[in-house]
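Presented below are the structures under discussion, each in the form of structure tokens.
One chain, subunit A, appears in both complexes that follow, with subunit B as partner in the first and subunit C in the second.
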Partner chain A sequence: MGCETLRTNKLTPYLFLLPGCIILGAFIFYPMLQAIWMSFTDYNMVTDPSFVKLDNYKDLFQDDLFWKTLKNTLIYLIGVVPALVVLPIFLAVLVNQKLKGIGFFRSAYYIPVVTSLVVAGIAWDWVYKENGLLNYVLDLLNIISEPIPWLTQTQTALFAVMLVTVWKGLGYYMIIYLAGLQSIPESLYEAADIDGANWWQKMTRVTIPMLMPFVLIVTIMSSIAAMKVFEEIYIMTGGGPLHSSETLVFYIYTQAFDRLNMGYASAAGVILFLLTLVFSLINLKVMGKDNSE
Partner chain B sequence: MKKKLGFLALLLVITMLVVSACGSKDEGKSKDSKNASGDEQIELEFWTMQLQPTFTDYINGIIKDFEGENPNIKIKWLDVPAADLSKKILSAVTTNTAPDVVNLNPTFASQLAELDALVNMDEAVSDEDKALYVKGAWEANNINGTTFAIPWYLSTSVTLNNKAIFEEAGLDPEKPATTYEEAAEYAKIIKEKTGKYGYFPSMDLSLVLQHMVMMGADLTNEDGTKAAFNSPEGLYAFEYFTKLYQDGLIPREALTGDQRSTIDMYQAGQVAFFDGSQFIVQVKENAPDLYANTIPSQAITGKSGKKTMSVQNVVVPKQTKHQEAAVKFALFLTNGKNQLEFSKLTPILPSNVEALADPYFTEAGDDAEPTDLVRIVSASQLDSAELLVPPMKNYDELRQAMYDAISASMLGEMTPQEALDQAEQEWNDILAK
Partner chain C sequence: MAKQKKLSSNRQIVKKISSYILLIAITLFMIGPFLWLLSTSLKAGSENIFQYPPKLLPEHPTLSNFSKVMEVFPFWRYLFNSVVVSVLTVVLNVLFCSLAAYPLARMNFKGKNIIFILIITTMMIPFQLLMIPVYIISLKLGLQNTYLGMVLPHVTTAFGVFLMRQAFMTVPKSLDESARMDGANSFQIWLRVLMPLVKPAMVTLTIFTFVSAWGDFLWPLIIVNEQEMFTLPLGLNMLSGTFTSDWRLIAAGAIISMIPIITIFLLLQRHFIGGAMSGAVKE
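Here is the complex of A and B:
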């Protein structure tokens, strides 16, 4: 059977696709379809699921906590994505210089990316403590008179966690931009030099337009990452105080694994999926248009 | 086009082959082999909660003894980190691969029992065997009238006091706080004199509910259908913690941190006293100087005079194919001899009446260390200690509702009374489900 298939060249590519298809099918598409189906059921993981039509969605839309976590997720998105799109460009330009020992700086900026988030979360927890590093430094500089309870008051907890996400993501997106920068032909800068462009003009007229495809990638990737944020919150605040730092994925997690409301959690998961999809499409549309101009 | 379809069919066949291969392999594994003598050879899977590496030899010793007495049963032991256990057992039950004997805490065990996933021990264990266990511990594992677990080891909460901070604040370390009022008073003095925190009450997990019960509030009416904590006692609990928190007399981590943060701060010498007998071995290992300075004392309690008892259980999931052998092993694991031996390794109390009668739990030698004192104080409180928060349906939602309410009060977003009203409303909704 195998020999015959191999003889027909047209089928050969599919054979190469087969392992990928099986893995994707078994671990991505099958669970995804199952989650969609589960979102219409009442399922506690032990007894058999029972079909409840749209009840989970109805309950979800009436749950204040769901709206609150959705709002938190959007705040997260608005706060984190611009920082993660813009800041790494400057970092990348910085480490793209031909300096001695630049390799050291590149790795230094990249270290947060490879650091385990659990370790980083605990370390940042210490930084944010009332008698922690941040309050100590601010006190030293006479900026504050009373220590600020960064992670333990509702006003600051979410933002404190956002900073960790940005800190951790900078290096990763920097590498993407760095690859982009190195793909810009030197001749463009030479031409700009001949035209008498200064540093800023070269940045805005050459570097950034040439980086646009990379900006698009980074925007989509960082938005998806921001929508799915979980570990930082799980480790640093547990969603508290008073759900002020609870995001949608954390909400899904507690519903699914603490309360065993699998069907309900799946419904929230489907909403998250749709939101992510919409955001990615908007990104593609808007940024893609810019790009073609 | 035809070729394409043919190819897709091929793909499907291959996928199915792969999948079915996985399935049949599993099936082969779960079948029991028969040994030469014709007796059925049984393998039991046994899960414990975070006992390795400290108790590896102890558990292996029990398994060896048991296998010696029951040559046709083999025990396969797996130790699971505490934080993963509930998720692991859940996925095992979902995929129909549940272990045969599992060590669980009552809260999670009751969640599984609610779903009818655990063997009813009232039926599986003879009255004679039942009588061997401390009554309160046996009854602690009851939901909807069925007993879903065999009690294993117990502890009652004991306060650990840092002698050095007491002395620094001019307080007598021989007179530690035993009531909530004293705790608040000491916290104030210690904060003023030393700048350190006196008291660190954790609000993690079921602790908010436990504090309320100790302060004299009833959580629900007798048949568990309505909230009963919107009372002067319940209000007292809310006001008590709100005041301590807003006056800065307890660390802000009391609200957001888990129990780990209590032991971190105590070990760092930043907290004078807290309820943490379960951490005594950790203090001994991590902070030997502080350990020498630690005085264990009777648990802090309120109007009810009750103290917290924690129970660790052994359950048998209904999915087991060898219920009889599994229950047999669970009883062996928790018998008097084995439990006594266990409590000599760490300050826990046996749930076995016979083992508990040993002088080891009543008499402190001249060279008694803090761990010995923890054990003796803990045993002396057994009469007044009980499982303060009984297993309840939709427990996690109830717990979260109360935690959210007291958080709102402590953070100043609501008055204690408003928060209590909100919690009552939510509890009534959840209890009516």
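Here is the complex of A and C:
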């Protein structure tokens, strides 16, 4: 240690940190402060920003559309997160079996993860058409009697987009759980076998409890992602019909880049930040625990 | 005894078959939308693609939609832009994150903890809040419609620094010390001793960064408005917005846009899945 302090310059650690910290400073910390400051101003990119105190926040809380997008975001969260926490566990158990060709299935389930949301959005848009595949399949199964215009009626648009988010995330979270499953010691299952446990008992007494740390990770990750959903909405419904599928980030985007209400959009962004903060703090805590071990 | 054995092997077979049925059904759900798009892209102009019930397979498969879409969709230009943006993002991200992670894992210096905490807290700040000021800053720096403009905001991530730091911490300290005895400086130790030993973490970070850069849509949508600079997702989005009624063309464009990433994925699937798994364990 003494040798190290002699040979290395005191500046060395800072030089290593410099490039990364410049980027984080210029594109995260400085913009963060600017966003908070802008949320108290009226700014349209043409005239200079003017300080308006809490007016943007007051306006936000009186804007029905803001509340609607907040409600839609909440529905998104409640709908998407449980599906993305539970379903991939079953997928992971399924593809963790020693079967011929299992690698093919793992890869197939991962394909939606690597494809861009634009391609995925277009594919599902086509599936959802009134004369499309989904209505046909549901018709064959006698679930519906009349075709449903999934993306163009207010009752179904948001839910149709939610299904795409779930579909696209399944493979990713499946892999996380697969990592979890493979970290469970084989001896636990052997012990359960000796005790005569059946498949369901092994699942609920061994697999699920051992997966709990991974369940926590997936819950946090999918919650944060759900609160920030944008691309699916932009590509498939444009927030419509009648704002029925408009989420908070979509609202921020249109306020900022269609209407150039930069201050107002920043205020909505600050609200988004505060809403995701809860999940992020839990996330940090989990990471910190992992780190100190 | 023999009977019991036969019974259990029968049960094994039933279990196997039901597993396969389930696996195949889920496969259809996962890649069905793409197959349906592919089928549509192969349908000839004479075939009614809106007919009900829909025809799953094209009557007279043709590639004419693909040659037609190549005329209106500058695929090679978009592909080039996507490759430049993704490769640049990956290279800089791996470089900057590994550089920053080294002192955090290996050295003692003033402010180490506070710097590490600050880096990690950036994870909590949603880009959707930052995009407005970052847009304004990028305009001021003249980064609109440039590769750097698309790349720079993403070239250091807390996730990357964290991942690389964890990887460096697993390397025994005696290795750096003996290299230092031989007269190597910190930079040489980082480059020649540590980096070769953390290749798995680098692969993980590379794949994570590549997939998110390749599919990135929101930021390019904001910072790029010249078609010349469009990446594949932006170009495809414009195609589907321009030819709203010509679904054969849109389908062909979407299928073409998928080919590069699917090819890379199929060639490197072991690393994609392995990387995602080790990323999950490290998180």
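Methods note: the second predicted complex is superposed on the first by the 257 of 293 C-alpha atoms of A that agree within 3 Å, B and C clash if a C-alpha of one lies under 4 Å from a C-alpha of the other, contacts with A are read in each partner's own complex, and residues count from 1 in each chain.
In the analysis below, a contact is a pair of C-beta atoms (placed from the backbone, for glycine too) under 8 Å apart; a residue touches a chain by one contact, two chains touch by 3 or more.
Quantities reported herein were computed from a predicted structural model and do not represent experimental measurements.
Now for A:F230: first (subunit B), second (subunit C), both, or neither, which partner does it touch?
So A:F230 only meets subunit C here.
Just to be sure I read the superposition right, which of the two partners does A:F257 touch: subunit B = first, subunit C = second, or both, or neither?
In the superposition, A:F257 contacts both subunit B and subunit C.
Quick check on the superposed pair: does A:C21 touch subunit B, subunit C, both, or neither? Answer first, second, both or neither.
both
After lining up the shared chain so the two structures overlap, which partner does A:P149 touch, if you call subunit B first and subunit C second: first, second, both or neither?
Touch status of A:P149: first partner only.
A:T115 in the overlay: touching subunit B, subunit C, both, or neither? Say first, second, both or neither.
In the superposition, A:T115 touches subunit C alone.
Between subunit B (first) and subunit C (second), which does A:T47 come into contact with in this model arrangement: first, second, both, or neither?
It touches subunit B, and subunit C stays clear.
Which chain, subunit B or subunit C, ends up touching more residues of subunit A in the combined arrangement?
Here the partner covering more residues of subunit A is C.
Quick one: classify A:K10 as touching subunit B (first), subunit C (second), both or neither.
A:K10 contacts both subunit B and subunit C.
Which partner does A:L242 reach: the first (subunit B), the second (subunit C), both, or neither?
First partner only.
Go through the superposed model and pick first if A:L158 touches only subunit B, second if only subunit C, both, or neither.
neither
Same subunit A residues contacting subunit B and subunit C, which ones?
8, 10, 14, 21, 26, 45, 131, 257
Residues of subunit B touching subunit A in their complex?
3, 7, 10-11, 14-15, 18-19, 86-87, 90-91, 93-94, 111-112, 115-117, 251-253, 255-256, 258, 270, 394, 396-397, 404, 407-408, 411, 413
Considering only the defined contacts, which subunit C positions touch subunit A in the complex?
Listed in rising order, the residues are 16, 19-20, 22-23, 26-27, 29-34, 36-37, 40, 50-54, 95-97, 99-100, 102-104, 107, 109, 112, 115, 118-137, 152-153, 155-156, 158, 161-162, 177, 180, 185-186, 190, 211, 214-215, 217-218, 221-222, 232-234, 236-237, 240, 247, 250-251, 254, 257-258, 261-262, 265-266, 269, 272-273, 276-278, 280-281, 283.
Okay, in this complex, where on subunit A does subunit B touch?
The contact residues of subunit A facing subunit B are 1, 5, 8, 10-11, 14, 18, 21-22, 25-26, 44-47, 130-131, 149, 151-154, 237-238, 240-243, 257-260.
Give the list of subunit A residues in touch with subunit C in this complex.
Residue list for subunit A touching subunit C: 3-4, 7-8, 10, 12-14, 16-17, 19-21, 23-24, 26-32, 34-35, 38, 45, 91, 94-95, 97, 99, 102-103, 105-120, 122-124, 126-127, 129, 131-133, 136, 139, 147, 167, 170-172, 175-176, 178-180, 182-183, 214, 217, 224, 227-228, 230-231, 234-235, 249, 252-253, 256-257, 262, 265-266, 269-270, 272-273, 276-277, 280-281, 283-284, 287, 290.
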